[in-house]
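Common to both upcoming complexes is chain A, partnered first by chain B, then by chain C.
This part shows the complex of A and B:
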């Protein structure tokens, strides 16, 4: 009994002042994910990896936009999105105070504009992703002439590209390679 | 992955065959009983036996060879071989330690199989669940009540069949009233009934207990669970990929989710012979023990609370908070660590974390030792827990319970030690099996106290001796219809997982058996002969989780009167044992 009283007195008060004083969390704490929209390509890797379907992507063909949405209500803070993001656009923050009074505040979204197919004029890929791919090709040393050819190809949607490939045209790149080898 | 390494993976299970003697024994004593023999890993074998020999083979393996039934489950294999299948998994803990899975094929037309429950009572819940989920009839099963499905579920709809209705839909309820019959085996109609629940005092899932009492003494007890069956197995099969299920399994339990996650990951790794790096194994081992630490401290704290030692409860929870911080430091989350992928772990331990972690472990050890001394010097703890809620050895042997429950009854069962060589890095850390002989609540608390010290040692050793190397293996291919077991020792006992890969990037079947599933059937025997005031303590010594929203209704069958008692009142009665709220 005496020992217990001693322990109690030696310990003193351990109750923290939170929420009236800030609560510190460890450095790697996995809190609310934040998207840096400027960095995001809307490639969709995070929406595929998300185990809880907290991240979704919707394409609005009429408006020509693609919407990325995070639902904090569904999020399980696993950090898979951060792990698979190719451009480090998603980061988990230390923010754990996520209670809201309005349900709409649980959602966060970002809208990306889509590029139209040069043939059928239908939107098919995010403008940023297209530019990213072309930039990557340029960086990897593809010459300017070829690059404009590539741009033409990449600006057509998969359906149109398939149709083009059925026809004998300059568009078919494998023929060119065969010629070069001969 | 190159072909070279693929072959190497294939050859691994061939290297040694631990447990071959059991297969040979079955062949010797029951000639031509085995139809098929298949090795998953070097210590896991699945034998398909003829249904007519099932009972004899199981009896021989269970009682003569030191086997323990860990899980029984069904599988709809009509798309693979035209049959349903029922599996009984035995953890062989005799001379040779291994896992033997006995499989029977069930005819898709007759849909009947022989029940082993009359011989091995441990199978009772498993067989009842097979009946609910697959509609297969266990012939000879004494208890034909539903286990998992609710009363208002249609008779002919079996959710885990591959051709059952879409998992997102629900059938129309078929009845408005409860039809479940509670079973008073020892008493008669003159007993008063004390229903506890349906949201139970001590359980993380709502459960309904009926205590049949004579005055203050419990004559018998019956209970039903599964009010919050979440359909995780179906969810994993139909909607999630392999990696996503690792996150789902983290949420099987709010307290010991990580062990489920490791158990599940191990099933796929074992089935596909994925070579998990040793560093990843050690990280998993450390985190499994971190989880045990906070869980045991919770239960020791609550045990203090239930015997009326609330100061101790507060003190243990103060120390427990340190272990939660340790988890946050190492994984980035206090609970649901989310660390596992198939093939390893996602996050590494860095030097700073390790140094800080070791310091925290030492602090917890010192503070915990002081508190244990105080706890043991408290007169209440002895008088309230010694000789209470005894689990007899015979009941323990028949029902294959797990964890501190069975270790307190004198059996040396702990997969960390018994099967330690094939469980993460347990083969190479200093750990001892803690067991006691008396089988009462006191022994269970003491086993947990000692295991806390063991866990602290393992964590300190693991953080200090973390091997170098990679933490994740990614180069492997998924192959369809491979299956294996995964097992871990959760704070409450062993968790067993079994999964079979599918051909569509999803699981074909995943069976998860949490520790407490194996422990519930023994509760009735522990409650018998004790008093109502001890019931919360006994149920608590199983270490289920707590829900404080409970209310208790008392029905006096003689006077036809009823009275509703709030949970607080029964808890208070459990603490000071005065002013019984049960008097009508």
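This part shows the complex of A and C:
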């Protein structure tokens, strides 16, 4: 009996002080995903990886915009978006205090404008993603003359690019090779 | 029965949430501000995976101990002030969930618990699932998480009882204000592989 009381007094209170004192969570705790909008390219890797479809992307061709949405309501905090993000734009924070009274507060949006194809004038890729690709090419040491050629290519939508390659044009390198032989 | 509309065809997975009586907000304010007694919680598992239940019981047992605030789990909805809905509302659990809602005395606070309760979670597009508590009953507080940690549960209860304010706000990002920065820009070209 005394032994038990002694153990109880030695142990003390095990209850956390949480609502009155901040709760410390582990370093790898997976809390609310936070988007660094400056780094986001709207590449859509996170929306494909998300198992719960908490991250979705919609393209509005008429308005020329692409909308990214995070639903914290549906998020299962698995961290796959963080794994696949090529620019480290989305990161899971340690924030767990997510209870809301208004459901609209659980959603986050980002709207990207789309670049038009230089031939068919229809939007096909986010302007920011296109610029990032060109920057990456410049950084990898592509010479300026080649870069302007690549820019023209990249500003064309895949359908137009395919159509260009189908025609007998100067684009086709093997044709040039045959001409040289003659 | 309230909350169920007879539907045929492709729209058979649609429900109309129960409509709140006009004086319900007044009653709820009276419960929270004037009566201010212990809040009894009744859990309704509408087809969850039981992880949420484990976390709820972790929140009520000694480490997190919600009973120090008078928040106690009860066995009958007739004793409850707070109804805690977990799970994504399966076809089979819709009617029992509505019965529990009807059985709880007014004023009652409805909490949607976990990712499934808030928006259907990972099961949101299944054929036999209504996808969220708010599809069948009016919800006061949403606690997202898969499952929410006991600390998040305590925070959710505190928000439901009006003791703490909600911290999360809806956000509209401006992604085109800045250009995306490249990584490793200082590496000389000739040593790149």
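Following the convention adopted for this analysis, the second predicted complex is superposed on the first by the 167 of 182 C-alpha atoms of A that agree within 3 Å, B and C clash if a C-alpha of one lies under 4 Å from a C-alpha of the other, contacts with A are read in each partner's own complex, and residues count from 1 in each chain.
Rule of thumb we're sticking to: contacts are C-beta pairs under 8 Å (C-beta built on N, C-alpha and C of every residue); 3 or more make two chains touch, one makes a residue touch a chain.
Quick caveat: nothing in here was measured; it's all calculated off a predicted structure.
S.K.: So in the superposed three-chain picture, is A:51 touching just chain B, just chain C, both, or none of them (first/second/both/neither)?
M.R.: both
S.K.: Quick check for you: in the superposed arrangement, does A:79 touch first (chain B), second (chain C), both or neither?
M.R.: first
S.K.: Taking the superposition on A as described, I'd like to know which of chain B and chain C A:28 touches: first, second, both or neither.
M.R.: The first partner, chain B, only.
S.K.: Quick check for you: in the superposed arrangement, does A:121 touch first (chain B), second (chain C), both or neither?
M.R.: neither
S.K.: Can you tell me whether chain B or chain C touches more residues on chain A?
M.R.: Ranking chain B and chain C by residues of chain A touched puts C first.
S.K.: Could you say whether A:8 touches chain B, chain C, both of them, or neither, answering first, second, both or neither?
M.R.: A:8 contacts chain B only, not chain C.
S.K.: Hey, what residues of chain A end up touching chain B and chain C alike?
M.R.: Dual-contact residues (chain A): 14, 25, 51-52, 76-78.
S.K.: Looking at the complex, which residues from chain C come into contact with chain A?
M.R.: Touching chain A from chain C are residues 62-65, 68-69, 115, 118-122, 124-125, 132, 134, 139-146, 148-149, 151-152, 154-156, 158-160, 163-164, 166-183, 185, 189, 192.
S.K.: How about chain B: which of its residues touch chain A in the complex?
M.R.: For chain B paired with chain A, touching residues are 240, 243-244, 247-248, 251, 311-312, 315, 318, 321, 325, 328-329, 332-333, 336, 338, 346-347, 370-371, 373-374, 377-378.
S.K.: Hey, which residues of chain A end up touching chain C in the complex?
M.R.: Result: residues 14-16, 18-19, 23, 25, 32, 35, 37-42, 51-54, 68, 71-78, 87, 89, 95-113, 127-128, 131-132, 135-136, 139-141 of chain A touch chain C.
S.K.: Tell me, which parts of chain A touch chain B in their complex?
M.R.: Residues 1, 3-4, 7-8, 11, 14, 25-26, 28-30, 49, 51-52, 76-80, 83, 92 of chain A touch chain B in their complex.
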